[in-house]
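Notes for the one structure printed next.
As written, the chain order gives the labels A, B, C and D, with residue 1 at the start of each chain.
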Amino acid sequence: EEFLAAFQARIDREEKIEPNDPMPEGYRRTLVRQIGQHAHSEIVGMLPEGNWITRAPSLRRKIALLAKVQDEGGHGLYLYSAAETLGVSREQMTEELLSGKAKYSSIFNYPTLTWADIGAVGWLVDGAAIMNQIPLCRCSYGPYARAMIRVCKEESFHQRQGYEIMMTLARGSEEQKELAQDALNRWWWPSLMMFGPSDSESTNSDQSMKWKIKRFSNDELRQKFITATVPQAEFIGLTMPDPELKWNEAKQAYDHGEIDWAEFKAVVRGDGQMNRDRLRDRNKAWDDGAWVREAALAHARERAENQQIPQEAAE
Amino acid sequence: EEFLAAFQARIDREEKIEPNDPMPEGYRRTLVRQIGQHAHSEIVGMLPEGNWITRAPSLRRKIALLAKVQDEGGHGLYLYSAAETLGVSREQMTEELLSGKAKYSSIFNYPTLTWADIGAVGWLVDGAAIMNQIPLCRCSYGPYARAMIRVCKEESFHQRQGYEIMMTLARGSEEQKELAQDALNRWWWPSLMMFGPSDSESTNSDQSMKWKIKRFSNDELRQKFITATVPQAEFIGLTMPDPELKWNEAKQAYDHGEIDWAEFKAVVRGDGQMNRDRLRDRNKAWDDGAWVREAALAHARERAENQQIPQEAAE
Amino acid sequence: MAAADVTVPALIEIADDCLILGHRLSEWCGHAPTLEEELALANMGLDLLGQARALYAHIGEIEGKGRSEDDFAFLRRERDYRNCLLVERTNGDFAATMARQLYFSASMTPFWKAISASSNDEALRGIAAKAEKEMAYHLRHSGEWVIRLGDGTEQSAARMAAAVDELHRYTGELFMVSTARLAAIDTGLLPDPEALRAQFDQTIDIVFATAKLSVPEIRTWQKGGRDGLHGEDMGHLLAELQFMQRAYPGQTW
Amino acid sequence: MAAADVTVPALIEIADDCLILGHRLSEWCGHAPTLEEELALANMGLDLLGQARALYAHIGEIEGKGRSEDDFAFLRRERDYRNCLLVERTNGDFAATMARQLYFSASMTPFWKAISASSNDEALRGIAAKAEKEMAYHLRHSGEWVIRLGDGTEQSAARMAAAVDELHRYTGELFMVSTARLAAIDTGLLPDPEALRAQFDQTIDIVFATAKLSVPEIRTWQKGGRDGLHGEDMGHLLAELQFMQRAYPGQTW
């Protein structure tokens, strides 16, 4: 009807939709789901990398990794805030994550086994994330688009940092080079899966395209990622774990081997190696922290009622 | 009166007192306290050595250490059983340990800092324990004397094992030798304190002597220990951390430097480095295990009531 | 007897299972719910560490490159340990530890029995004869506890059910035939684990029935350990396990 | 500026405090009670690790033996780390972590301020000027939490009181003048910590009063770290911290 047409016209004019603007319920729901998943991914994503902070091999790397994981927490914060502008609270979204109802990026259900995985995650996982996220900086929903601009800037720094770790390893000792190659072998295919099912299988993405929440198809983004990443691997002398990968001059793109969609589906439905551990860890952190949150609330309530508490001490 | 005299006469004839024999309340109380402290020491003593099981430097040492700590648990068991013959339950004694009311040997309030400490503890701490315990094999109370025979046999094995660790280190690399010397420096004085205050300060030990619960004074046992241990240190080329230590031909014993009784008292009253941590760990194990003990009890009760549960499966 | 290139990788899997599970059990030391369990957990840990030692020594001999038991136990990279994922799982609560022990011993009892009866490796038959008895004790002990806890209080039943729900999905790997294993089965060194699976299932069925537990349906069995693809807990375990050998290389202890 | 044999051991104590406490804070990553605290704990960890890095680099330069920041951080023996016992204590619950942070930052804020004002080591004055601001933030942040928790719910008050009861006895070492420290005070490198103690006591008194906590009476202050005599948790921390450098010696990361 009329409202939908007018809304679509705004979208088509590339106008940003803002929190108080009227919007179709489907648009709101799609955004809430997508921003929520994105926020949850940042939060869960802290765990596999966090796993190596205490064992990072140098002070410089330790600091960079802790700062990176901290950035991810920060991204989670912006994104939860963006979702809050659509009327869902952070508590509500957290509850959905912890109960297993909400999804997060399946890539974080793989374990980080060696230090090289920290390089591979930065290079490939953040690299793939950026491919997904750069178009989102032009997303039709203003708060999300603005959050993504900030996120993308930091992610691209993380991606370069990850690549730099891989380069250091690839140019290091024989053993370090093996670590790097092994990490690439394990993370390459899951990274390709980050773009989601093939366009032929993907549901619900036409409407997202029309609403300019999404601007490229899964396969298009995957291709962009491959095109950007293959030369980077070659440059540092690592081999892609896909014998069918080759440049197709006609397509001006890489042909690649078949993705193991059965594995993808198993991980999505909860059967990956780390799905349960990730949720267990998030739930434990949340449950262990309950008394802290309650105390902070009780204290704030009491302080609001009781103005004679010295401000300088309590602030 | 008559009973006490008759009891003393039995003691003087070196007759063993058995659980159902009449005995003076003071005799019973002294034994309960002493056996309880001894049992608690075995249990708490599992912690400092347990600290190195996961980091033992070879499979052989890992197995020997785990077996040793297991033996200590076993000694705890015999000793609690011996105390039970005097009418105090293991629960009651455990409660006294966990609440901090009962004492245990203060030596276990020092931390094990390096692998060499495992050698030093075996050599010195078990060595000192044996000196205390050998006379207890002839203790007037039968169940305690019999438990001690078994304990002493195993302790003496542990002592040799500890000495062998020290010997291996002392004959190893320069760095290993330093580890051994450092451990000796740290454990020597606390080991001497294990015999308790000087005879001139020691209370209540006359009555224990008369009842043949104790057969040598603290200082006598300490001297025996020094006399046995100094040549062992010399043999492997380690230096005793006591410049005043020297053989006194007239006394046929070693003179030694002043023991830091202030430190001893601080540790006894709870201010040693590890007192709180030890009690915290024991309490945590006990509290964490409460549901297991309850379930075992509930199951046993139900099984007793309900004979149709298949025996082969439940046994 | 099979050639070293068959025997070594096949036995490494088993030795690593024993080492890692023995290490996990040893972590309980000083923290068990009763004094009797302190002794029992240490006992089981000692059995497994002893089996690991015997196996590594045997492997080293067959390999003939002068690697000692400690070289195998302490000086490999994480990706070179071939233990199954089940044994590296953190201890969790006492229910999880007992469930893990039940699963492992229910698979290893028939395994060692078959080896002691018919492996073509005489030394291995000797190791197996001893290990079979030890694992039968572990099975009895852990089975009793799974029953006690499963059929104990409401809380213990819930914890036991959670442990089973958590760990059952790792039991498939106990019977997975890796490339290394396949070659060893072909040469007659090791029994086909698939043939032993029926006994395992039967044991679990009996214990669970008595314990009032149900056997979970598993959509996806977890695996990876036999390819050196471990979970995130493994690296932390190795940081402790290897600490001395890494910090003080090449010394005698 | 003081000679290397004065400066190096004196600054190592401080650098090790920063390293070990920074490491402890980094262990919270992914486990904090709120997302805001994830960021704050990481921030504080980063500040401390950054201070450690700057100090080790400076120490290495003064020492002139070519030891890098990583040689100091990763490749010493436990007995050679000179951090105080307070910073190596395990995180415990959030109350214990915040109490530890309050104690540490309440001692370091005036410490760095005094150095930035009057140390005779110019580079150290530069490090101090930055660290002073950072520690003031830690003090504000942890002080707020100690107040919130001490004067929050019954449970949080009990936990905060337990944390104080547990950790207060480690604060004496923050002001202990070790032999290394004494020499550095004499040469004008470092301020006399005893002179800073009054400020610490005052800060703690104010925070505790607002938090409805009482300052414990301590019979025996715990110490040992400045002589390399650590607690049992330290070795496990080092097993993790040093893992990569020990397992892969001499490589560039």
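Heads up, the rule we're going with is that contacts are C-beta pairs under 8 Å (C-beta built on N, C-alpha and C of every residue); 3 or more make two chains touch, one makes a residue touch a chain.
As the structure is a prediction and not an experimental result, all values here were calculated from the model.
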Steps needed, at fewest, to go from subunit C to subunit D via touching chains: 1
Which of B-C and A-C has more C-beta contact pairs: B-C
Cα-centroid distance, subunit B relative to subunit D, in whole angstrom: 37
Subunit D residues counted as touching two or more neighbouring chains: 235, 239-240, 243
Touching two or more other chains - residues of subunit A: 55
Overall pattern in which the protein chains touch one another (line/ring/star/complete/other): other
Each pair of chains that touches, named by its two labels: A-C, A-D, B-C, B-D, C-D
Touching residues (chain side subunit B, partner subunit C) in the complex: 43, 46-47, 50, 53-63, 66-67, 69-70, 73-74, 76-77, 80, 90, 115, 165, 168-169, 172-173, 175-176, 281, 284-286, 288-296, 298-300, 302, 309-310, 313-315
Residues of subunit C defined as touching subunit A within the complex: 78-79, 166, 219-220, 222, 224, 229-232, 234-235, 239
Residue ranges of subunit B touching subunit D (in the complex, touch as defined): 48, 51, 55, 111-114, 182, 186, 266, 269, 271, 273-274, 276-277
Residues of subunit D that touch subunit C when the two form their complex: 77, 235-236, 238-240, 242-243, 246-247, 249
Contact footprint of subunit A on subunit D as seen in their complex: 19, 23, 26-27, 29-39, 42-43, 45-46, 49-50, 52-53, 56, 69-70, 73-74, 93-95, 140, 143-144, 147-149, 151-153, 155-156, 159, 206-207, 210, 240-241, 243-245, 248, 251-253
